[in-house]
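Letters A, B, C and D mark the chains in the order given here, with residues in each chain numbered from 1 onward.
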Amino acid sequence: MSDIQFRSDMTVELIDSSASDLSVVRAARVSTKTESKSAWGDEKLIEFLMKNRHGTPFEHNSFTMYVEAPIFVFREWQRHRIGISYNEQSGRYTEFKPVFYIPDEDRALIQQGKPGHYEFVAGTDDQIMGTVVGLSWTSGSAFGAYAALLEMGIAKEVARMCLPVNTYSSMYVTWNARSIMNFLSLRTKREDSKFPSFPQREIEMCADQVEEIWSQGMPLTAAAFDKHGRVAP
Amino acid sequence: MSDIQFRSDMTVELIDSSASDLSVVRAARVSTKTESKSAWGDEKLIEFLMKNRHGTPFEHNSFTMYVEAPIFVFREWQRHRIGISYNEQSGRYTEFKPVFYIPDEDRALIQQGKPGHYEFVAGTDDQIMGTVVGLSWTSGSAFGAYAALLEMGIAKEVARMCLPVNTYSSMYVTWNARSIMNFLSLRTKREDSKFPSFPQREIEMCADQVEEIWSQGMPLTAAAFDKHGRVAP
Amino acid sequence: MSDIQFRSDMTVELIDSSASDLSVVRAARVSTKTESKSAWGDEKLIEFLMKNRHGTPFEHNSFTMYVEAPIFVFREWQRHRIGISYNEQSGRYTEFKPVFYIPDEDRALIQQGKPGHYEFVAGTDDQIMGTVVGLSWTSGSAFGAYAALLEMGIAKEVARMCLPVNTYSSMYVTWNARSIMNFLSLRTKREDSKFPSFPQREIEMCADQVEEIWSQGMPLTAAAFDKHGRVAP
Amino acid sequence: MSDIQFRSDMTVELIDSSASDLSVVRAARVSTKTESKSAWGDEKLIEFLMKNRHGTPFEHNSFTMYVEAPIFVFREWQRHRIGISYNEQSGRYTEFKPVFYIPDEDRALIQQGKPGHYEFVAGTDDQIMGTVVGLSWTSGSAFGAYAALLEMGIAKEVARMCLPVNTYSSMYVTWNARSIMNFLSLRTKREDSKFPSFPQREIEMCADQVEEIWSQGMPLTAAAFDKHGRVAP
C-alpha cells in the first residue's frame, strides 16, 4: 500500500498513424476527378468539404493512441461507437495498479445553474480539501480491500468490484479524422463552436491532447475544422 | 446511510419491441423472391439462413430493454458497438442511489487454470465471508464519502469519482436479433456452443434474461441459433 | 418484351414500426431522472435534445420500410452505414422484371453553375424528348439482351451485367429516427436547412416519402427536426 | 466511341497502410499485460486470438486501397458497413469513361443445382460467344446513348441512368484487418473454410487481390486466419 499513487493528469500518446491532409484530397478527388483538379487547391478543397459536411473523405486515415485515464473517463469515451476501436486493460485478467485520479487544485468543483446551462466555478479551500481527502481516503481504502481479497485468493474479476471509478486504466484507441472530429466536437468546450458542448473537464483534458496529436498529422484539416465551427463533417 | 441496499441480481425488462420470426423470412424473401416461396417453409428458411450465416435478414426487428446492473457489467456491455443503442443514467446529472452488487453465495469466487483455460470454483466459507464483508464495507464507506461530498456542495460529476464499480446503474438498450445473437454468443457459456466463450458470471446473468425475452419474441430464430452452435450469423 | 414498364415514381411503404415520441423522452429521462421530470414537458425536452444535438435518445425506435427504386438510387442510399439494415432483391438469385425509371416531364434535366453550386433547370422539349427516347431505348434493348442471355442458359448473375442502373430493384430498410434524420438532412433540399444539401432529385423523391412516414410515427420529433434547421442530432 | 474498352480484370492497389502483426500483439497485451508477456510468443498469441475469436486486437491497423471494378461488384462490396470507409467516383460530378466488364473465357457461365447449392460450370462456345456479344453490344450502345445525352446538354446525373452495371467505376477503400477478414470470409470460396461462402466470381477476383495485399502487411495474422478456418474473429 505504500506505493499508492495519485495523479491529476491524463496520458495520450501517439503509437502509430497513417494520416495526412493529402489523404483527404485524394479520396475527395476520386469522386470528382475530371473537374476539380485545376479549380481547387488542396487547402480550399478541404475547407469546402468541411463547410459542406462531406464527411467520407476524412475517413481514409488512421491514428492509434495509447491512453491512461480513470475509469469514469473511459466510460464516457467508449460510448463513441463509430469508426473507433478499443482494447482496454482487463480487470478480469490483470491486476489494477494503485493509481487514482484526484482533481488538481484549479479544477472547478462546484456546478451552478440549471440543467442544460450548468457552469462550473472554483470551490472554497474547504471544498477543495474535502474533495482531496474524500477521494484519497476512499481510493486508498478500496485498494486495501482489493489487495486483501486478492491475497485471500479471490478471483481478480470479483475483487475488482470494490475499486472506484477514479482508478486509472489504460487502452489503445484507433480512429480516423472523422471520428476524432466527432469526439472533439462533443468533448471540448470552445467559444467558437457552432454547437456548444459541455464535456466533463477530465475527458476534455484527454480531448485536448488528442487534438494536439491529430492536428500535427493533419494540420489543414484541423484548421478547417476550427474555422468552420468545430462541426464534425 | 440507513437505506443502503445490497443486491445479487440483475434487472432486464422488455419495454418495447417490433419483432417476429416473420420479419426474418420476409426480408430474406425480398432477396430471392421468385424461387423460394414454394420450396422452403419459414422454419427451414430461418435454419438455412442461420447455418449459412446470412446475417442481414435478422436485423429487421427491434427490442428496447430496461436494465439495472452494476457499472462493471455496463462497462463490458457497452463495448458492443454494432446495431445497438444505449442511454444510461448519467452520474453528472443524477445522484446515484446507494445500491451495490454483492455476489450471491453460489457465485464461484475462485479462478483456476491458465489464461485461456480458466475455470471458476466455489470459495471456502472464509473466502465467501471475506468477499461479502469487503465489498459491503467498501460500498458503504464509498457511499458515505459520496453523500458527504454532495452535502459539501461538490458537483455530482466530481463526487461520483469515489463510487465503486459495483454501484448499480440503469440504462435503456435497443438492439436487433443479430446484435443480440452476437452478444449471447460472447456473453453466455454453453456446452453446445461451436465457439466457447468465457463471460464473467454477472454479465451472463443479464444475458440469460436477454435470451429469455428475445426467444419469446422470435422463437424459431432462437431455436435455430441454439441448434446451429450459437454462432451469430 | 411486350410487358416492359416505365415508371417515374418511387415506392416507400411502412411495413412495421416500434416508434413514438415517448420513446425519446423515456430514454432521455433515464439519464437525468432525478431532476427533469417536473421541469420539462415532453415537447420541450425533445426540442432541447434536438437543439443541443443529444443524439442517442432518438435511437430507441425502429421503422421497417419496403422500397422500390432504380439501382442508381439504391447505390446512393446504401452508402448510409450507421443504424441501418438492408435486404435487397438479389440479381444473382432472382430475375429482374422489366421495370425502368424515366424522369417525369417536370424533372429539371439541365445542370448549371460550378461544382458546389449546381442548379438544375428545365430542359427544352428536345432535351426532354431526347432523354425519354434515349433511356427507354437503352432500357428496352438491355432487357432484350438480358432475356436472351437467360434464354441461352447463362447464369442470372452474369446476364444481369447488361442491365442499366435505371432498372428498378426492391429492398427492406430498417432504421431509427437518428439515422432517418441523418438521411433526410443529406437527401432533401430545403430552404430552412442549416446545412444545405444537394441531393439528386430521385433519392429526394424517396426521402420525401420516408419523411412523411416517419413524421406520422414521431410528430413532435419531426417538428423539432424542422424547427432546428434539419440538422441530425 | 472508338476508344471503348473491354476489360476482364479488376484493379486493387495499396495506397497507404499502417499495419503489422505487432499491432495485434500490442493491443492484445494491453488487456492482459501482467501475465502474458513471458508465456506467449507473438505467433502463438495471434493464433490464440484468432481461434478464440477475440476480434478487437485486429482493428488497430489500417489499409487504404484503390479499386477499379464494375458497378455490380461495387454494389456487393458497399454492403459491408462496419470498419470500412468508401469514396467512389461520382456519376453526378464526373463523366464515366467507356470501360466495361466482359467475362474472360475461363469464367464459368452456367449455374446448376438448387438454391443454396449452386455450382458453376463452363458454357459452350455458343454460350460464351453469346455472352461476349450481348454484353459488348449493350455496353457500346448504352455508352453511345450516354454520350449523346451529354452532348445534348443533359445533366451527367441523368445521362448516366442508361449505363449498365458492368461499367467500371473506381473508389478508395480504407479498412482494417478485422473488416478485411470478414470480407474475405464472405467473398472468397475456399476448400478449408469452416463456413463455406458462394461469392460471385467477380468480387472474388477483387478479394483475392485484397488478400494478397493484406497478407503481405500482416503475414502471421493471415496465416492464422487460414489455419483456423477463415472465420473472421
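Quick note on the criterion: a residue touches a chain if its C-beta (ideal position, glycine included) is under 8 Å from a C-beta of that chain, and two chains touch if they have at least 3 such contacts.
The structure displayed is predicted, hence computed values, not measured ones.
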**Study point:** Chain copies touching (chain A, chain B) - same or different residues, decided at half shared
**Key:** same
Study note, to complete from the structure: Between the Cα centroids of chain B and chain D the separation in whole angstrom comes to 35
Review point. Cα centroid separation between chain C and chain D, in whole Å?
Key: 26
Point to revise | Multi-chain contact residues (two or more partners), chain B | key: 32, 35, 56, 79, 82, 86, 93, 115
Practice item. Answer with line, ring, star, complete or other to describe the graph linking chains that touch. Key: complete
Review point. What part of chain B is in contact with chain C in the complex they form?
Key: 15-18, 23, 26-28, 30-35, 56-57, 59-62, 64, 66, 83, 85-90, 93-95, 170-172, 174, 176
Study note, to complete from the structure: In the complex, chain C touches chain D at residues 70-72, 74-75, 78-79, 81-82, 84, 86, 91-93, 101, 103, 107, 109-111, 115, 120, 123, 126-127, 130-131, 134-135, 137-139, 141-142, 145, 148-149, 152-166, 200
Check your understanding: Hey, which residues of chain A end up touching chain C in the complex?
Key -> 32, 35-36, 39, 48, 52-53, 56, 79, 82, 114-116, 195-196
